[in-house]
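The next block holds one structure in the form of structure tokens; read it before the comments.
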Amino acid sequence: MHDLVIRGGQVATSFGTVRCDIGVAGGRIATLAEHIPGGENVIDAGGLLVVPGGVDSHCHIEEPREDGGVMEESFVSASRAAFAGGTTSVVCFIPQWKGQGVWDRYQDYRARAARGMLDHAFHQIISDPTDAVMEEEVPRLVAEGVRSLKVFLTYEPLHVTDAQYIRVLETARKLGALVTVHCENFDAIRWRTQRLLEAGLIGPRYHAWSRPSVVEREATHRAIALAELVDQPIQVFHVSCAEAAEEIARAQARGLKVWGETCPQYLTLTAEHMGRPDGALFMCSPAPRGADEHARLWEVIRRGTLDVISSDHCAFSIAAKRGDDFSTIPNGIPGLAARMPLVFSEGVSKGRISVEEFVALTSTNAAKLMGLYPKKGAIQPGSDADLVLWDPARQVRITNALMQHAVDNTPFEGMDVKGWPVMTIRRGQVVMRDGQVQAEGGTGEYLPRAAYGMAQPRGITPNGFGA
Amino acid sequence: MHDLVIRGGQVATSFGTVRCDIGVAGGRIATLAEHIPGGENVIDAGGLLVVPGGVDSHCHIEEPREDGGVMEESFVSASRAAFAGGTTSVVCFIPQWKGQGVWDRYQDYRARAARGMLDHAFHQIISDPTDAVMEEEVPRLVAEGVRSLKVFLTYEPLHVTDAQYIRVLETARKLGALVTVHCENFDAIRWRTQRLLEAGLIGPRYHAWSRPSVVEREATHRAIALAELVDQPIQVFHVSCAEAAEEIARAQARGLKVWGETCPQYLTLTAEHMGRPDGALFMCSPAPRGADEHARLWEVIRRGTLDVISSDHCAFSIAAKRGDDFSTIPNGIPGLAARMPLVFSEGVSKGRISVEEFVALTSTNAAKLMGLYPKKGAIQPGSDADLVLWDPARQVRITNALMQHAVDNTPFEGMDVKGWPVMTIRRGQVVMRDGQVQAEGGTGEYLPRAAYGMAQPRGITPNGFGA
Amino acid sequence: MHDLVIRGGQVATSFGTVRCDIGVAGGRIATLAEHIPGGENVIDAGGLLVVPGGVDSHCHIEEPREDGGVMEESFVSASRAAFAGGTTSVVCFIPQWKGQGVWDRYQDYRARAARGMLDHAFHQIISDPTDAVMEEEVPRLVAEGVRSLKVFLTYEPLHVTDAQYIRVLETARKLGALVTVHCENFDAIRWRTQRLLEAGLIGPRYHAWSRPSVVEREATHRAIALAELVDQPIQVFHVSCAEAAEEIARAQARGLKVWGETCPQYLTLTAEHMGRPDGALFMCSPAPRGADEHARLWEVIRRGTLDVISSDHCAFSIAAKRGDDFSTIPNGIPGLAARMPLVFSEGVSKGRISVEEFVALTSTNAAKLMGLYPKKGAIQPGSDADLVLWDPARQVRITNALMQHAVDNTPFEGMDVKGWPVMTIRRGQVVMRDGQVQAEGGTGEYLPRAAYGMAQPRGITPNGFGA
Amino acid sequence: MHDLVIRGGQVATSFGTVRCDIGVAGGRIATLAEHIPGGENVIDAGGLLVVPGGVDSHCHIEEPREDGGVMEESFVSASRAAFAGGTTSVVCFIPQWKGQGVWDRYQDYRARAARGMLDHAFHQIISDPTDAVMEEEVPRLVAEGVRSLKVFLTYEPLHVTDAQYIRVLETARKLGALVTVHCENFDAIRWRTQRLLEAGLIGPRYHAWSRPSVVEREATHRAIALAELVDQPIQVFHVSCAEAAEEIARAQARGLKVWGETCPQYLTLTAEHMGRPDGALFMCSPAPRGADEHARLWEVIRRGTLDVISSDHCAFSIAAKRGDDFSTIPNGIPGLAARMPLVFSEGVSKGRISVEEFVALTSTNAAKLMGLYPKKGAIQPGSDADLVLWDPARQVRITNALMQHAVDNTPFEGMDVKGWPVMTIRRGQVVMRDGQVQAEGGTGEYLPRAAYGMAQPRGITPNGFGA
């Protein structure tokens, strides 16, 4: 009856942990039971946690560049990194370049993604919301299950004006898509950058100086206010500081559908890292803040203001990061493999969150917001059998080799973590065992997404019962 | 393999709803599966919700009175009322009278409770924390699984001074017990009452005048502050207004383990009801407030500040409520049977909360806080098979007959609700079907409780994902 | 020794009221004394309040238009209106048109203003912050005492981008000038306007629909955040709603030098007025809100968040306001004469503020922020003898004739006020007596301004002692 | 015409500073003028500030003890200390002992106070609110100008129950008197003290351990809530921490008439001081907190939450403070002379407040709240000529000798201050010149008080204009 039985684990979901067996049939979870008898294909999970496969809803993978090239991380290499770190599904980005359309790009990107092993869904970046794109192409994309439009309020040449952002919100509202937003003020950063360069302050450390918290807070408030005007739900991406999170909390308290994401780099790295000789390897946007920000961010995570932790994986090799001038060094760091171990170690092992909150933050909440739940993000009858066997006691020092991604560096090099994924199962198939990835290219599935989340403005806050 | 299979229902827990079958063996849930094949003892739950049996953590049942009598509601009649309304477990109160001990009372109360059909656990009321009681008897009670001490900050002759309350907190801290508190200021109410009586304002409507919100807020702040001083978790009982709930929210934001409960009467009744000719039937403490308080309370429920809705069931017959002077009419109303239908109807059917939040508020959260989880409050392998088949579309007008309790009145008489329990199963046995209670006396089990809740100060707030 | 003695009045300043005589010499206050003996030129103020002459820091008077014309209200007519309403000093605006400079305009405007009878100072509007303007002309203006730069975040063709606004902030910071800001989001209003017009919703009432509170709040937050980035004090003009004022209060609590102004129209008019047949006469920006906003604004005034009430006087005749399409009807209403009576009547006579707060809001605070204090806004030895004898009991119905301005309408027509100025004295000269203005053109003086306000982030909040 | 002219000073009041001359006649201020010509009795205040004489509204002077003795500080010695430190008026305490009345005590105390040189008013302590006292004696006292009733929520044997406190509030409300409150929880402190003593933790340092902030916050919330219930204004005495001040701020935001006082010891001393060998000399209640509390208190002072800084002068000699057990060492420290120099130095000289705020905090606000304004606390025609010539640049190291009080110690010994009073004038008479006190005993006047403060819930918050 079952193709596979996982026996004896502590099955941890976003709401609780129970010792039970899991029976898998046809790639899906068929049965949860105190004991499933038999059989041949049994995995012993004794002493381990069994958690839902990670859902990383913010990854830049094999993304086409404006010059015709693509990012260094391919879907194949990204799949290896993801499985190594316990992630089984990703949502990645189709770019739009100004003056260009999106439909052809989508088809091309579908083909690229199909070569990998990861289950995958897409965000569509909008940088040029022309009538043709918004009225003809985007509706087709949404019908294909690309249910979110991403805008950059900063980043040349992708950034949009308020008028363009409003246009995106309006279209998303009609189509039932989510809007996701990179919130920093373009003009403010440009002004600061110009003044820094004029003063000869050009190294990577000045990247953080060019974009202080206030420019993120401003854009966050603006993004929310305009979404409120148009009556459209949004997710604020990669919140780096409590100051910006406060704007999200205020919006949530007003009953708005505004969600916030953060990333492991904002919980572990600081602006100081960019002052090192290899500082460029830590450059991402927003920039990591002071060390005291970590505790503040954990606090807003615990309050539920930020409810998704994704990687914002965007890998560049050391060679690509070379340069003297912070304003021309590419931004972004790889994090696909490190994400779940870092969140588990900093969160669960250090007593900041429960195991259940770990699952919510790294898998379930993203699955819900991205319209993938309960196919993904859950361990219940009918869900895909995406499962990770997690050893909560395993101590590991992060090295680039362990990350298994395409590039030659990780900003988390040398960090010690406690808790590690020892086996990853994707739709009932073991795709990683003890660090060995054993999936074949082309086995990843496209995930057409349903509408975002659910209708309620706020769920019950479980005060100490959350897990 | 299974004694009973519930097939085809929408299984709703505090975290989500999934269509699956439930297999019961030995009174416990053995299996959740997409499909359980076979067999003889199958219940068709098609079109119905299947929710965990209700846990009502605040009930006055067959409580001994100081004069040697007992309350009108026996454990047998209370079991009927509970099953009729979808509740399968209760936590009720052992009183202590000043100058008396608690251990003998406990044994007597265990015997009384054993005659009923409900699974039951106890709070111990402390009104006279002498050395003998606190150092000898209470530790024995806690060892028996009576894991909470209840104090009244008002109510003659049960109320305690701050010094006595501190003593209770200190003892509970050593023993790992929870403290639950009735928060109103005794002196303030006595003063107001005296002034009202002097002015000839004596009818039931003046009960509300004698105890405005500010006396509840004051005592709530004080109860929390002294608990903070002693470093002891507490639950604030029957919060009637947002003003008091705000004090709880502030404490939670400071990281304190303070939980808050409310009751259906504060969500449906108002001070106006006490102005009716039968106003005494609506008298309880705290008093119901203005009608605008209902929306404010739902708001703090949605934010998780108040996470348990219990009944504060305390039944008096019309004869017992007779009298001209509000200060001598007994306080309390029956609510054991009406609780879950009212919360479902006012909450879920009116779009204020999700089905999952309904389960959390009426069953799971109380089970966790009372140390009964996951035996109670859950639908997962290993949990007791306490299940309710709930028809979300059934429209019912509440009458006293439907309540099946011992007394001749309900304050909810004539209210229309949408959503109704059509079958109640206790440990795998059908104990109510279509309103017919079919359990035998003496089948209720005593529930020795574990420690309260869990260690985290706050769980993840699922923003729209809660359910 | 004294040219003039004002005897027997209740002398009210922003801090207190005292019965004393005022001796004037050389146009200035020489003496305050319990009794000043003598002499010939004595005014009996018995039964009256004596308050400092009003300072209206936001007036559009005889402003050049882009087409080469000027506004209907001349400095002569404005002086009549001001004196009639108890105001003796104004701060008005020199416009800059895109592609044009500011120095010549200043000289022209000085000449125009000199023809009137009011003491006057200037704000410089910046709509095109080119290098030439910001580095050459503006420093000259500041040296002349034009100590504030005004920017519009909306209003075509005057509005500026964030980059331009930052440029203005940066220049003001170097020069020690204040920046004053019209806060509404340009793109958001344009989008709403376009959608309304497409839907055929074109009358004056839709002016309010085109610019809801959220667009004002957004721009207020942004204006403050960018000022925080540049470290430059700002005043937020004409705050119309508590939602925007909250952003100011938050900034003040962070210790930022951010001040907020409101106007009588936001305390007395509503969006409903624009639905009348003569609705265009009530159109101004931001638009008046719902009637419940008045109480909220008084609350933030009482808390000190908004500390200046000016008129935003901008007069158009009925003919100029004609048109069918709200997007083309000119915005602005006259309020120079009505300002102080409305604030006194709605504020003091209705018990919302004290007489001292009235003085602070209409005179002293503006004088301080505009760098005119203690020459203006005070009754103390050495200050200009700008004094108003105010009858707190006089009841008047506002008519356009009483306003004495150049145009044929007032949006306050027919409103009843209690409290009225019966005599206005400017630098020791009686310029209005019982409604009769008796000053000669050309007697107004230019007021070169000092730096804004003072250094402290927040003064003592007098809790009930303020006045 | 004038008996005395003070020429050339910077006259600083709570609202502003102006260079002018002050003419005194008959002990009162007759004239403020740019220049007062003549005459014989002229004091040159060039280079100095001239501020209103300090009003210290919280002093224990020559207070009768229960055993029939009196406190060491007599009205004569206290007058010396006060004048040395710039204070010209005090409000001190008539005690009531349980079982005793208050009227005879008042007459005795009037006689004692009359022997000193300070102008004086009284608070009446109520520890036993019997019918006779509250209905017969207290009304007579209020008619005599004793317009405040003081209660202790802790301190054996003076402390009152909630019921007694309510009685005091009710009486004060009828009589138009203020209620002032010492807010700490009696039972909580007793419990902590007992536990500390049991553990052998008995030295002065444990005084602070026995009464943490939470017991002050609790009592503050309770004092306010019961005052809200009765609808009676109160002043919360000697607020030692921001946590308690927050409760006051919340009450003020609700529009309640609740005022807060703090003292120099809470701005300069810490709990660490009590760990010194002479730790007993720093013991007062509430206890000084951690050093980080100072900044938080200045913040709430700047926001106006706390608007009076008095000394809580309560002097004990070293001999009286001897003992091993903190629970039996008398509480209280002398501060009458040090108060104004400490507030000026820590406040004005360190840039935390303006000169005007200094005047408000040490003189004007207390005068207003105590019903002594504008006779005291003001420099305006008609006010008493209580004036202090203050040298803002004078640097002084505090010694006990400089304090001129009766006891042999000051907790501020060795502290360096910048800013010092060089002359004190009481009702037109120079009573201190360069530290030499030159007033004769018996010249102090009794000050019958008017009703508290004013009617408005909150004045204008001058944002940067406060001074």
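In order of appearance the chains are A, B, C and D, and numbering begins at 1 in each one.
Simple rule for what comes next: contacts are C-beta pairs under 8 Å (C-beta built on N, C-alpha and C of every residue); 3 or more make two chains touch, one makes a residue touch a chain.
Owing to the predicted nature of the structure, the values given are computational and were not obtained by experimental measurement.
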Common touching chains of subunit D and subunit A: B, C
Intersection of contact partners for subunit A and subunit B: none
Farthest chain relative to subunit B (centres taken as mean CA coordinates): C
Rounded Å distance, subunit B centre to subunit C centre (Cα mean): 59
Gap in Å, rounded to a whole number, between the CA centres of subunit D and subunit B: 50
Intercentroid distance (Cα basis), subunit D paired with subunit C, Å: 41
Subunit D: positions in contact with at least two other chains: none
Interchain pairs in contact, sorted by label: A-B, A-C, B-D, C-D
In the complex, subunit B residues that touch subunit D: 161-163, 166-167, 170, 185-188, 190-192, 212, 214-215, 217-218, 221-222, 225-226, 228-229
Residues of subunit D defined as touching subunit C within the complex: 13-16, 18-20, 23, 28, 30-35, 252, 257, 259, 301-305, 307, 353-354, 356-357, 360-361, 364-365, 368-369, 374, 378, 380-382, 453-467
